[in-house]
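This is the structure I want to talk about, given as structure tokens.
Letters A, B, C and D name the chains as they come in the text, with residue numbers starting at 1 for each one.
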């Protein structure tokens, strides 16, 4: 995480991400956002595969809203920025946005739950003590 | 379209749609929703490929919000229901939801724009005169 | 299965399947092929989800070769044809091809194994007695 | 390109790449392979978006064979290795393989054509003079 608590995930747009209009297919921004959140969690010491094997837990998106401002195109280098707005033991609220240089392409707000195999909410060990991060609660929008 | 102006698109969940948690990957509901909107538009006489070739137009999602209630699983038969809430010449507002039998799994609200090659809004021929459908404006939520 | 032992799976090409070249992205033919094999197996009484839950088994592709003859495009209606060439208790050999009307777009040959959780080959109940089907062993190519 | 003419593309496996069996879905190795080829071409001075805009050309896979040796899993770090076996003006033959550390997971052989808008073969400027690379023609298999 950078010092102002914004996690930055750089990535490239490939053919697989585009559609016949010549731009990134809208569902794929959710794939990009999930890659970024996965790397943010990894930076916090939480690995998805371990979480599943050792604690039988996984993060699931419960709610999300997306605002598509401008399209990304083939070969673009994008940055997916993630800011954790709120961290509970079994939940996360995140603001994410996709930028190409200084241009914001997509804004997202997501609410995630950490859930056990049976679908019930469960706390991921090591997540809650992150709660006091001073850079949080600064929304972009 | 059924008589109460709800378009129903039936579909099956395949391995490609699922992830290592054993459920449908969250981004894929947007793929399902787009299949359903495409078939609804086809029923209204608007084909995406023709729209692109003949009028240089394409529908783009501008805003969307998703509420993930319950997960879908491998081999599930789903129904994607679409209700057009508002139709302008160059825009559409749609409510969509994914059901398995009578259980609602995902709720979605989307705002779409019809755009020309250069990204400017443009009216799709034949869309606006659908506006007066009496079954519209009934939201699920 | 039709009378000459060719299973036919009809499908539509959506935006999600295409890329910026304006044609179906090459990897997606493997998604289409898997949908078709899944429906063929379902017709034979074998459901993937049940196979996993009740027998801890899944089919995995071990080898495949693909020949891309012509591209499919947005809104195309395709037929994925599947012919089982050889059925062992723990393996399958299939010829598949993707057609648009009478034009063959992609030819595929696949070798699949039925495997247990631990990656070892295992026989799926109910598969081997299909072996004597007289329509088999007729390759297209 | 490393000194022995093997291009190495490192990547991570995310949830989007996996399926309900808990491993990488077979079609996705073709996505990984295409990312690697794209970066190899970029290293050779050929960008897909430019190729399309300036020369109206795109590379299309004409033939491919895949050998699935072992599965990749969530969170794996993979290396996609690419070796150009043969370069013509309008065609490419490539060997690719996906490794996790020293373990080969998937072997691929691909034949690509460079094609104009109308589907006819066409030479990409700047490709043929790469032909004499001494490290070529060493197949892995």
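The working rule: a contact is a pair of C-beta atoms (placed from the backbone, for glycine too) under 8 Å apart; a residue touches a chain by one contact, two chains touch by 3 or more.
Quick caveat: nothing in here was measured; it's all calculated off a predicted structure.
Of all chains in the assembly, those touching chain B and also chain C are A, D. Centroid analysis (C-alpha atoms only) places A farthest from chain C.
Separation between the centroids of chain B and chain D, computed from CA atoms only, is 34 Å. Remark: chain A and chain B have CA centroids separated by 24 Å (rounded to whole angstrom).
The residues of chain D that reach two or more other chains are 15-16, 20-21, 27, 31, 34, 49, 52, 73-74, listed in rising order.
On the side of chain B, the complex with chain A involves touching residues 20-21, 26-28, 30-31, 34, 49, 52, 58, 60-68, 70-71, 119.
Taken together, the chain D residues at the contact with chain B in this complex read 15-16, 18-23, 25, 27, 73-74.
Contact residues of chain B toward chain C in the complex are 12, 14-16, 31, 34-35, 38, 47-50, 52, 73-75.
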